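Heads up, there are several structures right after this.
Next come two complexes built around chain A: one with chain B, the other with chain C.
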Partner chain A sequence: MAERDVVFKVLRYKQGETVPHYDTFTVKTDENTTALVALQAIRRDDDPSLTLRHSCHHGSCGTCGMRINGEEQLSCVVNVQELGTPTVVVEPLQNAPLVSDLVVDMAPFFDRYTQPEMPYVRQSEFMPEADVPDGIGHYTRYENCLECGLCVSACPVMGSDASYLGPAAMAAAWRVVAEPRGSDPEFALNWADNEHGCWRCHVAYECTEVCPSDVNPAEAIMSLRGELTKRKFRRVFGLGK
Partner chain B sequence: MQEYRTTRDGVRGERPLQAWFDVRKRNLGSWAFAINRLTGMGLIVYLVLHLIVLSTLLQGEQGWDKFLEIARSPFFLAFDIVLIFGILFHGLNGIRVALIGMGIGAKNHRSLFWVLMFIGAVLLVVSAWKVFTI
Partner chain C sequence: MTSISILCLWLFTGYIMSNYHVVIIGGGGTGGALAHDLALRGLRVTLVERGEVTSGTTGRHHGLLHSGARYAVKDQESAIECIEENTILRKIAPGTFEENDGLFVAITDEDVEYSHAFIEGCAECGIPTQQLSKQEALRLEPNLTDDLILAVRIPDATMDAMRMPLRFFATAKKNGVDIKTYTEVLAIRKQGEAVTGVQVKDHTSGKVYDIGADLIVNAAGPWSGKVADMVGVEVPIRPSPGVMVAVRGRWCNMVINRLNTSSDGDIVVPQRGLSVIGTSSWVVDDPDNLGLPPDHIQAMYNHGTMMMPVLKNAPMRAAWSAARPLIGPRKADADTGRELSRTFKCFDHVDEGVEGFVTITGGKATTLRGMAEAAANVVCEKLGIEEPCRTREAVLLPHTAYYA
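So, the complex of A and B:
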């Protein structure tokens, strides 16, 4: 693929404005240009006031999530030319308060996400057969969730219930139930057990579709429901917890 | 730190109807979700209409007969098919949501959708045939 000019239509919003608008920029791209690199080029060459979040540039920090052509994606791993559209529409994540341009306030997300107190490091299940060097008991790795918020942006229920706990936080709650590692599964279960929690989900599975890191929040929510249902039945029939 | 004021995303936030029904670039689950809401609302409207229509019985036999005449017109019968579609979709998708919610078929939610929709389509064709031939 050769060099090509691609038009970027970017949502803009600054403090004090009542409604956002779109600005268009033309960016020279080659076969390796990612959406994030293109946006940084706009910032460098056309408009230094364009604000966006990013860190690692390789899909592991979860900070560069945005909507590209209407789909929630990590902009650092989206190849612009492979999108195949003459214009690329870039918008901030939905269901989060907008701060400036492509930057949304992630505080409501993290407020919920940290509630179940999921330990972030877990034992790696990928290499059970691997030779562990002397003195090391087992390999560990980080939890899958990048805290990118793509799932929250894509969830239709999140859009109509501002108090909904949301897919990522409930996936974290299920991880605590499935593998407590010192956290309190009872708390996590009770926390998700309400009309803004796991029962609010309407099985659209959009969270799982957009998740870039195989967290599968929809299935985690269904697992929470399954566990809660089991416990309620046991309680009704006097079988203990 | 300087205080900043946030706003909702002007494109979609705080527009719940758009959040439910804007299925552009979305996947099967969102389509099922949106159609489920639409049919749900449609069925509520139908229920109200149904009660209003039943109230014509209060006007005695004449009023009711007049209504039956209209109800047998092809336009009204076509409306019945739309109604049956709404009932079938909402009911069958509801079964899917309930099953998945209990952890049954969560891994195969797409196949579950299509199997139920196939059953729905067969029932819809049979009902349409009955509606127009009885």
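So, the complex of A and C:
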């Protein structure tokens, strides 16, 4: 087993401090060590006051999102030795209020994203008795969204428009339009149709780039634009919906 | 009794109840469900957790809502707990579970032999079964091995290991529970034989302070032995880790179990676009230092492949360890943990000379509500509160409400 010492440069911040700073720690790693396991080792062996969020440890819950060497990642599926850098820089997600160290407040994310009209888990469409539309395999499972906030952190528009709906929420909206299964597509379309909605996107595709679950929010935003444009044309020419 | 005296009694009991303060140590599924239960019984509750909620064992399991079938032959107490709680959870947490059921698959003659005791055991525990031929099972799950002989369908389900318990936290918070994350217990305060509170450190600010308590519940799972050490009592807990491997691709839609006695790599749970293979079992002393034995990762692939050959080449997404909090002698000789029951126990440490300190441990994610009910019954009895448990019926808020 190839053991190697890796230096971690971790952003630190506690409530009441004026500015964050960085602390460095050296961690013994092997070929299976993930960034999350390394951070837990730091907390266990070096500094119990290090705060971070984590839960499932396999890229399914979306809790351990952070920026690792400047890129939004789920720390539980980042192999430290495969990063290939002598120093690993770890920072919290952007575009969310910083609570402490690597912990950000997810409440604004959920405020924006939680709409009863956009259900999160539905009956498994794969079961033989499930009542789902034909061609379901064509759609991205929106249930694949982990609510991790990586897309919101990476989005260049989020930083400049505090009211922007953001990629995760609009991906949810598009899923309802594409495959409503009992939900109201009109609600989702109207919700996204404003200057802080799908028209505000700069088409940077950073959200899709960082999505750990292949939900492809950028494509969803483009699809919302396409559908809204189509409907507007039809309305202008009196063709109905 | 006159109506005025009834009113006075009602006001008086209300006053007493709202002033009893219970501190729960541990923000896993058990702590969350207990906070919810006690809040519904009218108690004032503070829950402290040193990290994020569900960051210990709770978030790290397969994501299986047990039917109990796994334990129907050798551990029927756990099997019955599982099927009862399985039924209740589906009712109080609608939308949380994929209604995908599970299959126990027989691929050897020995498995077929075991199926008789298995079906009988399930019947004894009230777990419905449906025997399927090879063809019927393959129609449901085409990726099963061609060695398949028969399968038994049972009401397992897939859940999200974090979001299911988060609904208990969300509801508890709405009902007034103070949930303090990143808050580590440094010491437990005592006066004479009675515990009176906890000294904690808030890691988001560095502040150290005391929280007074009429009663403290230790719900720290594999860490409950360490918490009990703070007041000098013994909790017979064996942190027993298992390795799980998540591979890319949803290779089955139902939960696939090996139809035999519990062993390494005997289950595959579909979890969104992943399939989770589990699990191994050994015992450790320190739940903060589990390690990840590489041979266990390979063993998961090998055993999983026996049921579903397609897993052999499925790329790995992650491998990780999680510690079960099994009830067993703490310092006993090393064993695998397989022989320990999956049931739960509530300990009132008054017998060991400590008043006001209760431990709830053991159990499984599927039985979190039942564990909470048992612990809440002990808490209420100790405090002289006669309020019934309401968590069998109360529908939980969605997980997103936790962040509201």
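Keep this in mind: the second predicted complex is superposed on the first by the 217 of 241 C-alpha atoms of A that agree within 3 Å, B and C clash if a C-alpha of one lies under 4 Å from a C-alpha of the other, contacts with A are read in each partner's own complex, and residues count from 1 in each chain.
As a convention for this text, contacts are C-beta pairs under 8 Å (C-beta built on N, C-alpha and C of every residue); 3 or more make two chains touch, one makes a residue touch a chain.
None of these values were measured; they are calculated from a predicted model.
Enquirer: Looking at the overlay, what does A:158 touch: chain B (first), chain C (second), both, or neither?
Expert: After superposing on A, A:158 lies in contact with chain B but is clear of chain C.
Enquirer: Which partner reaches more residues of chain A, chain B or chain C?
Expert: C
Enquirer: By the touch definition at the top of the document, which applies to A:98: first (chain B), second (chain C), both, or neither?
Expert: After superposition on chain A, A:98 lies in contact with chain B alone.
Enquirer: Now for A:55: first (chain B), second (chain C), both, or neither, which partner does it touch?
Expert: second
Enquirer: Classify the contacts of A:213 with the two partner chains as first (chain B alone), second (chain C alone), both, or neither.
Expert: A:213 sits against chain C, while chain B stays out of touch.
Enquirer: Look at A:34 in the shared chain and tell me whether it touches chain B only, chain C only, both, or neither; answer first, second, both or neither.
Expert: second
Enquirer: A:11 contacts which: chain B (first), chain C (second), both, neither?
Expert: So A:11 only meets chain B here.
Enquirer: Which partner does A:144 contact after superposing on A: first (chain B), second (chain C), both, neither?
Expert: The answer is second: A:144 touches chain C but not chain B.
Enquirer: Mind sorting out which residues of chain A both chain B and chain C touch, each in its own complex?
Expert: 15-16, 99-100
Enquirer: Touching chain A in the complex: which residues of chain C?
Expert: 51-52, 54-55, 58-60, 63, 95-96, 98-101, 140, 158, 160-163, 182, 184, 201, 203-206, 244, 246, 250, 253-254, 271-274, 276, 288-289, 292, 294, 297, 317-320, 322, 398, 400-401, 403-404
Enquirer: Contact residues on chain A for chain B in the complex?
Expert: 11, 13, 15-16, 19-20, 69-71, 91-100, 104-105, 154, 156, 158-160, 202-206, 209, 218-219, 222-223, 225-226, 229
Enquirer: For chain B, which residues count as touching chain A in their complex?
Expert: 4-13, 15-16, 18-20, 24-30, 32-34, 36, 96-97, 100-103, 106-107, 109
Enquirer: Mind listing the chain A positions that touch chain C in their complex?
Expert: The contact residues of chain A facing chain C are 1, 14-16, 32, 34, 37, 40, 44, 48-61, 63, 76-77, 99-100, 103, 106-107, 109-111, 113-114, 119-124, 126-128, 141, 143-144, 147, 213-214.
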